[in-house]
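A, B, C and D label the chains in the order they appear, each numbered from 1.
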Amino acid sequence: MNKYITELIGTLFLVMGAILGGAVGASLALMIMVYAGGHVSGAHYNPAVTLSVWMRGKIEMKEAVMYWVFQFVGALIAALIVMYVFSNEGSGECKVTEGWGTKAIIAELMGTFAWAYVVLNVATAKGTSGNSFYGIAIGGTVLAMATALGSFSGGAFNPAVAIGLAMQHSFCWDHVWVYFVGPLGGGALAAIVFSFINPDDK
Amino acid sequence: MNKYITELIGTLFLVMGAILGGAVGASLALMIMVYAGGHVSGAHYNPAVTLSVWMRGKIEMKEAVMYWVFQFVGALIAALIVMYVFSNEGSGECKVTEGWGTKAIIAELMGTFAWAYVVLNVATAKGTSGNSFYGIAIGGTVLAMATALGSFSGGAFNPAVAIGLAMQHSFCWDHVWVYFVGPLGGGALAAIVFSFINPDDK
Amino acid sequence: MNKYITELIGTLFLVMGAILGGAVGASLALMIMVYAGGHVSGAHYNPAVTLSVWMRGKIEMKEAVMYWVFQFVGALIAALIVMYVFSNEGSGECKVTEGWGTKAIIAELMGTFAWAYVVLNVATAKGTSGNSFYGIAIGGTVLAMATALGSFSGGAFNPAVAIGLAMQHSFCWDHVWVYFVGPLGGGALAAIVFSFINPDDK
Amino acid sequence: MNKYITELIGTLFLVMGAILGGAVGASLALMIMVYAGGHVSGAHYNPAVTLSVWMRGKIEMKEAVMYWVFQFVGALIAALIVMYVFSNEGSGECKVTEGWGTKAIIAELMGTFAWAYVVLNVATAKGTSGNSFYGIAIGGTVLAMATALGSFSGGAFNPAVAIGLAMQHSFCWDHVWVYFVGPLGGGALAAIVFSFINPDDK
């Protein structure tokens, strides 16, 4: 249970940081929560990362499902706090420009590929065990990807963040599927690439 | 005595950074002073963090009281230097908007919860001992929380910072209680949550 | 082959970060990819760094050539994704001001000297082995050099980045030679200086 | 000799970063050069820091004098490159406001106290030996102090930087003494305070 509460707290602050502090707020919140919770739960705070870690064989299916549940609950609590305590609510309108769908899915796939690729290499690989940089690397990935790709998709790279932002009406519900397809695809691809470049690390 | 002087110096630079450099100045000042003083005093620089560390059993009550005294003295010296050397003084007016009190208390509680939760996990937990990231994590927490929550409460997350800012008239005295109730509540909550997610770490 | 794929992925994200996220995007992308790939390939992502590491004797010529090939392929793929997925294309015009050539070559030489000097000292030297700061140091170098020197040359410090930006028409082809002469000269100089200041580190 | 060349290179990039990249450029240049050169020379790049390290007993007087010489030479070379290669030159006028002198000296003293206090604690103390954070802590100190105090004195915190900026006419020669009195005083004070808070660390 302590792992699940850690995932809930980390995802809550990540989503609150994303809504109230934008890309910088989200990246910093992720970094600090990775450092605070990594030794307890592994500090995924992202269902796509949990998928990737499960494919890499470092978490069991049963536990992964519980991680997903608590990540989404953390995102929902963040959305409720932002709306009802801090009176901050989006318009919920779908902003679509020409070719939005393709750009958004590929941006989310690439950004989440980077997120999961970094997590697998800095937090689960033999070659980097015992390092002190994993939080900076993971938080820095979200800031890097939001800086480069955020304008194409909104830069969630995380289905739980997308659900939180849709609840709070910063994202529109009709687009939420994009943030499942792109990130889960990116997370799965990262697990495959990780196995290829780390052949001796089972 | 060397621990107390370390707390005084760190809090002095934190408060000076907050007044003259805003959220970025405060976060950077905290980070560097955590790295400079952590090996001497644990580098709290915040009465709410000291409360949290005392509840977690890593500092004795008698010493905690001395930490508080020197943290407040450091904040006062910072306020005096800013006012009388650098001629920087606030208006001292209370700026209140609708629902300010509730938002401010919850913002301070959540921000200080994060600060103390990060300190307990990165600077007192068995699972992260010997790491090099504690200063970045703690300084990053203040920047993350100030980015996300600063607009609701002013973003002190620290009773000593609040006293320093009230002395220098950036905060108004009538509101200072908010920065005791919120931060001390957040620090206490962090100690309870820490015990729950680290059951084997006494 | 796993090393080459790692170089390709890292250079791809570096070039994509440079085009879509500017100096901050490029620096962050470099930092995260250095942390993700350092334990596999050494994380050069720059033909001039590979030259420097080869001169220092930490990579064989045959492997260095393969690194170069995959770095350029990564840059090309990034340019194609940016152009054809994200519809972002430069004008391809050569912007030349008085004395541009001399300033640009020296800026590129000094910036790449710093990049390679930092890599050799933080990622290949005995005196810093086992550190956790190499990604911050290397990513920070590109941000430092782009901040100080970017206005004189565009701030590539990397022939593969220059080829990617020329493909995508942010740089003009007539100037690409500048980004070979300056960076390769800077990388070679760094290897010589490294040997001088680390006489016992063969 | 390798130590002196390392000091020259580091100070050269620090001064170039300060002139061409402001507080952020200087701080980043310092961070990367501390990481690149720390294992060779200790990476002072500042005569006031060298004074402080000498008082703490970690460098001999004869060597300290050589450090000073090479730090000033590095600063001069940086000024010449900036002026004659990059055509960047200040007006050399003395900008003085009411009470400038007192504010500037105290700002320089406090900023350099922080710089040397951090260096002594993170790069020479037993309690932090083997850490990976020293470059972030030292570079972060310059950014923190420039953010908080830069507006009062120009934020050199370093006599060599002041000489470089005076050469290049960003600072005026009549004020250069301020950047010797303040920083050398701050460095000396840091050595005294360090001894007090680390009584067992000779």
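Assume a contact is a pair of C-beta atoms (placed from the backbone, for glycine too) under 8 Å apart; a residue touches a chain by one contact, two chains touch by 3 or more.
None of the values given here were measured: they were computed from a predicted structure.
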From subunit B, the most remote chain by mean C-alpha position: C
Size of the rotation, in steps of 5 degrees, that lays the CA trace of subunit A over subunit C: 90
Same-residue or different-residue interface between subunit C and subunit D, half as cut-off: different
Distance between the centres, which are taken as Cα means, of subunit D and subunit B, whole angstrom: 28
Subunit A and subunit D: spacing of chain centres that average the CA atoms, whole Å: 40
Overlap residues in subunit A, where contacts from two or more other chains coincide: 132-133, 136
Residues on subunit A engaged by subunit B in the complex (per definition of touch): 2-3, 5-6, 9, 13, 16-17, 20-22, 24-25, 28-29, 31-32, 35-40, 81, 85-87, 132-133, 135-136, 139
Touching residues (chain side subunit A, partner subunit C) in the complex: 99, 102-103, 106-107, 110, 114, 117-118, 121-122, 125, 127-128, 131-134, 136-137, 140-141, 143-144, 147-149, 152, 193, 196-199
